[in-house]
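Residue numbering begins at 1 within each chain, and the chains themselves are lettered A, B, C, D and E in the order written.
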Amino acid sequence: MSTARFLKARDIAPWLEELGREYTVLAPTRHGDTVVFREFEPERGIELDRLSTTPAKKALLPPCETLFEYATTKTDTPPYRTSIELRPTLPEGKILLFGTRPCDARAMQIFDRVYDGEQVKDPYYTARRNAATIVTLACSGQAGTCFCDRVGGSPVDATGSDVLLTPLKAGYVAEALTEKGMELMRDTAFMKADGLRQEALNVRNRILEEVPERTSFLDMERNLLSLFGDLGFWDKTAESCLSCGACTYLCPTCYCFNITDEPHGDSGKRIRTWDNCMSSQFTLEGSGHNPRPTKAHRMRNRIGHKFSYYPQLHDKTLACVGCGRCISNCPVSFDIRNAVACAIQHAAANAQEHAHD
Amino acid sequence: MNIGVFVCHCGSNIAGTVDTEQVAQAARSFPEVAFATDTMYACSEPGQAGIIDAIREYGLDGVVVASCTPRMHEATFRKTIGRAGLNTYLFEMANIREHVSWIGKDKEANTNKAIDLVQIAVEKLRRNTALFSSEFEINKRVMVIGGGVAGIQAALDCADGGLEVVLVERESTIGGKMAKLDKTFPTVDCSSCILGPRMVDIAQHPNITLHAMAEVESVDGFVGNFDVKVRKKATYVDWEACTGCGQCMEKCPSRKAEDRFNEHVGTTTAINIPFPQAIPKKAVIDPGACIMLTKGKCGACAKLCPTQAIRFEQEDTVVQEQVGAIIAATGYDLFDFTLYGEYGGGRYPDVVTSMQYERMLSASGPTGGHLVRPSDGKEPKDIVFIQCVGSRDHSVNRPYCSGFCCMYTAKQTILTKDHIPDSQSYVFYMDIRSPGKLYDEFTRRAMEEYGAKYIRGRVSTIQPRNGRYVVKGADTLMGSPVEIEADLVVLAVGAEASRGAGALAEKLRISYDGYGFFMEGHPKLKPVETNTAGVYLAGSCQGPKDIPSSVAQGSAAASKVQALFSRDKLASDPQVSSVALQRCVGCAKCASTCPFGAIEMTEFRGMPKASVVETVCQGCGVCAVTCPQGAIQLQHFTDNQILAEVNALCPY
Amino acid sequence: MAHTQELRTLIARELPNLDLVLAWTGGFDPLSSTPLFITTEADLDRLAVGPMHVQNLAAYLPSLKGRKVGIVTRGCDSRTITELLQENLINRDEVVIFGIGCTGAVNIRKVRTAVNGAPVTDVEIGDDVLTVTTGEETHALRLQDVLMDKCYTCAGQAPRMHDHMVSERSGCLATGETPPSSLDLLEGMDARERFAFWEGHMDRCIRCYACRNACPLCVCKDSCVAQSRDPHWVDQSDTPREKLMFQAIHALHTAGRCTECGECERACPMGIPILAMKQALNRRIKHLFDYEAGMDQESTPPLFMFRQQEETIKERDAR
Amino acid sequence: MTSNPPNVYLPDMATIQEVIQETPAIKTFRVTLNNADRMQAFSFEPGQVGQLSVIGVGESTFVINSPPTRKEYLQFSVMKVGELTSRLHTLKAGDQIGVRAPLGNAFPYDSMRGRDIVFVGGGIGMAPLRTLLLYMLDNRAEYGKITLLYGARSPHDMAFSYEVEEWLQRDDMHTVLTVDNGTPEWQHKVGLIPNILKEIGPSPENAVAVTCGPPIMIKFTVQALQELGFGDEQIVTTLEKRMKCGVGICGRCNIGSSYVCKDGPVYTLAQLKELPGEM
Amino acid sequence: MPVLEGKELRIVGFLCNWCSYGGADTAGVGRFAQPTDLRIIKLPCTGRVNPLFVVRAFLNGADGVLVSGCHPGDCHYTAGNFYARRRLEILRELLDVMGIQQERFHYTWVSASEGQKWKQVVSDFTARIHDLGPAAAFSGCPAVPIDMDETGIKAAG
């Protein structure tokens, strides 16, 4: 049983079209001058040359998802009593996520720990997760805003992927990494390419060699805790932040959501939608009290969550994959790398100060 | 909320073209509707009892009535549910009569539309909250605008009831149109004999302040607390000093002043007291005719005045009056007959208006009560009266009947015969309209006892011939053309809205119709109220009226004011704006757009916040649209309520 | 970079009297920039001005009300300041304006598209050419082609008011024919095409509200109706309907106030041409009320006033 | 496919059995799950919370304030503050609501056994304390001295008045009431809770203080307790946060790495001190 | 309840309480027959008409929206319709910018006495909407918008 195939670039679109019968195929396509994951249609084309503007997370965690629909019925005699029927709308069908980058694929595992955990299983997420096959394209190099290497990943990392594509001239070597990946590759008419595995590995190693030596953000979760009380630091860090949600919505690892009821006459639905911890309204309570009243509090939570809270709870894994979308798409070019580096430095300085006390 | 829906048949008014049972059936499925039924007459005693019973039996805490317009019965039903112990604001109406059954023929479409209207009423009601009025003090003074017979009656009734009255009159004397009349129909009693004493009562009443030669400049505030600015025009005479002796008039060298009181039959002196019974009896200088004021020399009156009351330097003054209610009694004006070219367009001296004729009949008038032709001073023998000049005529945008012309023409033919026994009166008429006590009998007398010849038909032209006038018309009863040679022609000009009525209505924030007559609250049930609380109507400003009707309305308006003032405090309409402090960012945009200055900026925990002065807020909702974050909401017309209505109608 | 040096000197002189000064510095690559909050003289070393330094710093002013703030300001941004003053959202005596003559503001998105998203290693500004290096490749782009759309309707490069002015004035560097803007595109469409245009663009909107948060005139921010339930103007569904509704809300809330600073469009991570909506509306408001926002501190935005006789408004027939 | 996990987002539909108007702003709802088996099997511990839904409006978190020892209904007390609570307040007996419960952790009532208990409740914050208090009164022998300090803004803002009367009468507990603004009829204390607490001066010896109320009140109550000598482990509070999912995913109720909906709402002061100060 | 399929289109009216609602009543009292499409939402004043209600109605699928209030100068609240006139003018323009046909929106002034005029307004406007037909709806499958590439960023020189 061969698990490696060679995909000619021009064969990809017809293949995806074919797969569309069995799967919901999501692939990066051009939309205006951005690249977004959308359901694949041949006329939309496919854009594999650059990192998509939006992450692939919507395949597993759609921006808007109905949790249940409800309908009401009434008794016949007055006073008419209303009874309410809830109909959960669990997702069905297989999903093929094609053309994710290693960072996005890695992010799926970050979701898994939360949505498919020991105690709690999110039925909507798990249904999609179980039905999804992820075909990842290894990056040919890092963009200026990329920092996967500093958060435990790499441009060719296969974590979270079912199939890894490595770019060669005129096509890609596709290597199945999981049962699902093998199932997908098994039935293809693509050329078997076990012989190209070594060449693919060489390509990946060359890409890895290009990755610069930089300080890692790993293992800082405890150090950062010492900055919790230093609101002045976070004030300064967040001064240019506009409190919009571009960073969180474009982040492959941000998974916070809102739940709202949207009624429509006597029926309606309860939906969950992406939400944004940088917004003041995220934590605003009915009484008017807000535990995170300023953007400094919110920045502390965002960076804290990714680099301290989540790793504390989940085996030191950072909730950041270093895709850099939050940097390149920020209206004020806020650079989370600088912020984290600065925080680590500051924490170290604080620690030293305390040592002298 | 447990909502009850009551769909009224209104006899066959609604049920004739709307399937009311189906509407009630559909209402049962709407959210929070716990009871729905159709009912024969919701507003009737048993209909209301049915609502109350249902509230009690099914524990309803909100009610929708689908019936006529809320302008008709909203207050009725609010009281009904109030009697059942509900907050009266947990109520909505769906107008399925005026807006559905009366205007649509297709029963299926009507029924469907009625269901929609009930649904939006339910959606709105679901978001209603119980509201409670707050009370505010009222200023128990009343302003009456216009000192004609209606205004005089209203002022005296109010004053006799113990209220302080401010009477504002545009002319230098009160009395209005009635003071110009010689006699009144159908009793033919002397107009000034019956009006005069009432005018004197105004002058002498301790509770009445009279501002003559004055007009309302602006009205601020709201029911119970109006703040009115009154402009008192310069009279150039110190009225404190003027005794009304009239010596100034005798010596005034300028005799070119307009004689408005005498309907421009001749001119008068520049300093003038319009007529001997004027109230106040004070002289006024016409600045356009006064030689001193136009050329800077003369001053005859000043030299002569025994009390040195002349003040050539006098200017307008503005006085401020605080009142709790306003009665508009601004009367009417006469149609400008010169629009009719066929009647000479004003070029023929012996074609006069009925009011000019009235002045000629009057012993205190410009001719001393002698009927003469303005052109040559000769006594006329053949006199033609033409009816409906500026009434019932679409071509001059006066399609309405002025109501009193038939009667005064009959009176004038009678008086003509009295003045000139060998005269002959001819009356061209369209129809004779004489409903009223002894009215028809009166017109009969004019014809039968006084020999007035009534010809049914329109006059097509009046042409001068040999110093007389040929009046050509058609006798539509005989079906033949008619030609009468007349010495004098009297045009029965119709009534039209008083000049400036529209501008005053805008100041008072009341509506007026296309002709400028003020709109009453309801054509039948609220004849003297307006839709603006605290503003009432009396007399012809609402539409042409004869004297008894005007007097009745004056009294009616006064009694409305008395009723309003019988309470020490008024309850404010709680459907006013309110601010959600949490959402308000203190940008003050609402305060800048509020037409009433009802929004103040205050501080709450160091942050600027808007705050609504509830008794000043009138509930227009301009602020709610201005506020971008929706922090200020008009209660019972909140964004969410209106959005719920929109969403119900457009469910995509 | 003489004018940068002059600006540093001006700011350094005033800094002791100020709580902070808003300026720009370079961002994560040669194309990008980020606001610089200057509190010490040492911060001045990082100050940079030029076609790539594009954020409208006036957006921060309302949140800094009560503090004494210096701000580096170009022509278009000064209109924002005027508008903020007009609406009493800031106090003039708390703001010290360091004026600079604008040389044109680059739309980074256009540049990135022109270089097909390749990592940019160097940018050089010639007279009217932007030379962008991506690794081995260089791209010479006509400056005019990569300016922000707002530059094509520029009302003046120098600020309308200032306390200090960098003396070395330079006008817009871009020359030559302007390329078609999104506004031109929009104005050339009929109603159905426009509706489809907006539906298409809204489809990729991620509801991040960067447009709103970057907008200097969105005063509600934390109380915005976009997320409130009372009032519940928009639901949270991910549909073009709700997203377009929000854009309509934004456009109407800023109608007659919007100075076309373009921050909404610049901030949009999805490159949705929302400035065109506002520009098109502004053109029509200019036609209706002969009013442009941010031009005159003494005037009142058209929706906060009225005339009894509106000369330019005609009654229309229902037919 | 393996069997689907239970849908944690799907509420149980429940019927309101009784509505008690506690104060002008607080109503108590007694509800039963429509599914009789699930109602029968329902179990929880004092301090745990539930998500109440008005379907079509939304969901919000309330503590289950009936004691687990009383099983015929679940009780929630709701203060009217926002959209959902306002709509809840319009509901009547017989109306349907959604319930997702129990969620979160419970008061450490086991480790409290044998110790003196000081309850300090402010306003609606009395609701969670009531659960634990009633549980302890039902198991009175297992606990030491019980002191209750309950404060509200004014006498008519005092919830559970029918029970408060009973508590005042009991000789196996010490009940002190206070209001910020008194009335002529008010027989009890007038003053802020932390001040009255210092006045009563409960001994920290073998004692646990349990407090709940508005954030500002908790802050000063904790200070007062510390002044009285209570250690961080001896101070227990239960927090209220805006929650959505209730199962530790959606990300708005966390304080640092701790999710109030899942790991809370009950914390000792010692635990809270480990977390960033986001009360 | 939707509008009658085939017979009616969805037309929403926002009327001020004092003038136009009364005018519609007057038309009713006069039995002036009108098309049945229009559904009236009563507001105190056109000053309460948030233009966004109209936008919401259109985005939700309304085929026409009619706003009517007191004649300028005749507002029960003095100035409500003066503000409304400006707001609604700007709304007209915004609708055009959004791609909602301006003709589908109309605002007018009808007093409480103008029953005949009201009938005319309703009849004319309904006829106009029927001429225009149903409004454009969201396609549900939006086209990918025109790429900025096609607007031509050219290399210099």
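Here are some notes:
Assume a contact is a pair of C-beta atoms (placed from the backbone, for glycine too) under 8 Å apart; a residue touches a chain by one contact, two chains touch by 3 or more.
As the structure is a computational prediction, the values presented were derived from the model and not from experiment.
Counting only chains that touch, the fewest steps needed to get from chain D to chain E is 2.
The minimal number of chain-to-chain contact steps leading from chain C to chain E is 1.
Using CA-based centroids throughout, the chain positioned farthest away from chain D is B. When you average the Cα atoms of each chain and compare centres, the chain farthest from chain A turns out to be B. Ranked by how close its C-alpha mean sits to the mean of all protein C-alpha atoms, the top chain is E.
More contacting C-beta pairs link the chains of B-C than the other of the two pairs B-D and B-C.
The distance from the centre of chain C to the centre of chain D, with each centre set as the mean of the Cα atoms, comes to 49 Å.
Centre-to-centre, using mean CA coordinates, chain A is 44 Å away from chain E.
Per-chain CA centroids place chain A at a distance of 72 Å from chain B. Centroids of chain A and chain C (each the mean of its C-alpha atoms) stand 30 Å apart. Annotation for chain B: residues touching 2 or more other chains are 2, 31, 59, 582, 593, 626, 639, 643, 647, 651-652.
Looking at chain A, one finds that residues 31-33, 81-82, 258, 260, 284 touch two or more other chains. For chain C, the set of residues that touch two or more other chains comprises 109, 113, 201, 203, 224, 228-230, 233, 239, 241, 271, 303.
By the touch criterion stated above, chain E contacts chain C in their complex at residues 51-52, 55-56, 59-60, 66, 72-73, 79, 82-83, 85-87, 89-91, 93-94, 96-102, 106, 108-109, 120-122, 124-125, 127-128, 136, 138-139, 142-146, 148-149, 151-157. If you check the complex, the residues on chain A that touch chain C are 31-34, 36, 49-51, 53-54, 62-64, 143-145, 239-240, 242-246, 248-250, 258, 260, 262, 271, 273-274, 276, 279-281, 284, 327-329, 331-335. Taken in their complex, chain A has these residues touching chain D: 67-68, 70, 81-84, 86, 88, 90, 114-115, 119-124, 126-127, 130, 225, 228-229, 255-261, 263, 268, 270, 272, 275, 277, 282-287, 289, 291-292, 297, 300-301, 304-305, 308-310, 312-313. The touching residues of chain B, counted against chain A in their complex, run 2, 28-36, 54, 57-60, 582, 647-648, 651. Note for the complex: chain C touches chain A at residues 27-29, 32-35, 37, 55, 59-60, 109, 113, 116-117, 119-121, 201, 203-204, 206-210, 212-214, 221-222, 224, 227-229, 235-239, 263, 266-267, 269-272.
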